[in-house]
Amino acid sequence: MNDIFEGLVAAALLVVTLDADLVDITLRSLQVTMTALVVASAIAIPLGTWLAIRRFRYRRVVIAVMNALMGLPPVVVGLIVYILLSRAGPFGVLGLLFTPTAMIIAQVIIITPLIASITHQAMRDLWAEYHDLLISLNTNRRQRIAALVWDGRRTLLTASLAGFGRAIGEVGAIMIVGGNIENATRVLTTAIALETGKGDFALALGLGFVLIALALVVNLSIHWLSRTEREGRW
Amino acid sequence: MVSQLFPVTVKDVEVHRRGARLIGPVDLTLENRGITVVLGPNGAGKTTLLRAMHGIERINGGSVIWAVPPEVARLKQAYVFQTPIMMRRSVADNLAYPLKLRGAPKAEIADQVALWAERIGLADALGRSAPQLSGGEKQKLALARALVASPDVLFLDEPCANLDGRSMREIEALLIGARDAGVGILMTTHDLGQCKRLAEDIVFIIKGRVHETGAAAAFLEGPRTAEAKAFLRGDIIE
Amino acid sequence: MIRVVLAVLALGLSGWMALAEDFKLAVTTSFHNSGLSDVLLPAIAEDTGLNVQLLVVGTGQALKLGEAGDVDAILVHSRAAEEAFLEAGHGTHRRGIMYNDFVIIGPASDPADVSKAETAAAALMAISTAQVPFVSRGDDSGTHKKELSLWAAAGLDPAALGGWYRPVGAGMGASLNTAAGMNAYILSDRASWLNFGNTADLTLVYAGDPVLFNQYAYLPVHPDKNAAIKHEAALRLEAWLVSDRAKALINEYKVGGETLFVFNAK
């Protein structure tokens, strides 16, 4: 219990003094995760929606694979991305290993199935509701996806936030592909792992509280932004 | 405006689901004589017939032939479902949607939205969320959304189920207005009173097959078959 | 115009690169946990212009990173593994830099009387006789390899030890945390131990056997692996690591009043 109190004190100190290292790794955490989130959402939302409205032969297989990928351990993703990006691997010449880009790639792989799966479930329900109307109105596939995505945007926001939560708190994969290099690829979670390894629980917890606060701020501000629309909810 | 889509011919149409025949074979030719009511007991296949004619129900045999090519016919139809499907948008955006799909100019969309909102008494509620409207308001909005893109043919499935008298009167007034403007209307109803008030023609179906067709007055006054007589009397028919 | 901008950009970039050239060095957790790197890296940047980026991993992973050509050099402490690395042609050569020592950490009450042992092997024998909990790194790291060699010297097979022997498969810090939680014995390098914050009821119970000395060596990765490997910089860093400045910084580095490393580069 004492450790938790010390952690809170450490967090408060870090924040109040605007510790330069803390600001640096916090901004990097945000940059990596936000970029990954945008890329993953751009892939996952159309994919999930498409899977909800399209009937094709291997649809169930694709959905099962997607759901299984959701449970993929980040460490495994990290290892695979490491092997691909390693100088000895197929994409080695790009020199991406141990860069924030590598961390973004790993996070995209980790959260895309999650966002796509939640999107698919939400869009399946909305499609069941809209199906007759949109068919009757003679919409083409693109128009259907657009209508579902637009009208389901609140649920999709929730899906994206779930992805954000998983990405911002992820450590296994980005530790491997980022390398936790100070001033280059160190982010909040890898810093926490490092401090825990050193037995400095207070600082580790302090960083943990900063991470929680960051996740809260992002969640609240996105909800607040979406609420400033004309009406509270549909 | 006179609809170009009629006459419509339903030829040997059958719809099967899970091995059971829902309707058919149905043979039917309809001219545009205003409002045609499809009448029949529960489970007779009224909704299926309407959906098959509109082209949103896969048919397992036969064909529905309009007077114009199918692609054209499809664009000139609208359908109001028994449970109104409200898009999760505002009243205004619901009204605008069919016009947007057609790429109508912004000014025209705004005019039409204002016009139809006024007609259905929702001019003050343009910004309200459609799914939060009352049952009667939803039904009126669904009807207005169907009419906003000026269809030649309008299908309605039980447009007044579970509505109070006032909403029913408003909806019937809108239907009569549309008919007078030349829209061919095909609808189902449970309500014999509504049928008497609106129908020009009747299609009476039992067990998925057309049993009797004809002018409403003649059918309602003197049905030819025993089943139709029993139905009009209020007997239970399977 | 664009050409000018590009030229200025290139100039600026090359100038910046000359100012601080990024250099990737894989080091072991124990080296990093000692805190010595915080002293050495700024001095290296100052003297050589190299911005050394540390990849803090276990010895096994450090060797793997070198093998894949993902780092420019490695600094590890596992003689046998280093020689195998060189033999396979992954590195150009091996240079001993400094040593520290391993210590045995255990509960302050010392239920196995390890503090009375004459040798490291005898200490482990005492733990095994008393059947008290012992945490092993179990991660194929340099420290783990050292521990295995000590068990072998004591004539014991770790795989055949009882339930009190607990390989945790984690880094030094995490393993120390586990040992603190279980109040168990553990083999640690002195640096990690002195820098460790969460000591709980643990204390240093045995040290001093020469077999516990822990030699750190620097191995530049072979430049044939890929064009991105900075061999020239690796040699520059090596020259610095064996310099008098490095010697002074290493020998004078103290934690809690204790010297951690002894410079012994030749």
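The first chain written gets the first letter, and so on, giving A, B and C; residue counts start at 1 in each chain.
Definition applied: a residue touches a chain if its C-beta (ideal position, glycine included) is under 8 Å from a C-beta of that chain, and two chains touch if they have at least 3 such contacts.
These figures come from a predicted structure and were not determined experimentally.
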Hopping along touching chains only, can you work out the least number of steps from chain A to chain C? 1
Could you say which chain's mean Cα position falls nearest to the mean Cα position of the entire protein shown? A
What whole-Å value do you get for the distance between chain A and chain C if each is reduced to the mean of its CA atoms? 34
So the centre of each chain is just the mean of its C-alpha atoms; given that, what is the distance between chain B and chain C in Å? 80
Whole-Å gap separating chain A and chain B, where each centre is the average of the chain's CA atoms: 47
Note the residues in chain A that touch 2 or more other chains, in rising order. none
Can you list the chain A residues touching chain C in their complex? 86-89, 92-93, 95, 97-98, 179-182, 184, 194, 196-202
Residue ranges of chain A touching chain B (in the complex, touch as defined): 126, 129-130, 132-133, 135-139, 143, 147, 151-152, 230-231, 233-234
Note: in the complex, chain C contacts chain A through residues 22, 24, 29, 33, 53-56, 67-70, 171-174, 176-177, 180, 195-199, 225-226, 228-229
Could you pull out which chain B residues touch chain A in their complex? 54, 56, 74-75, 77-79, 81, 85, 87-90, 97-98, 101, 127-132
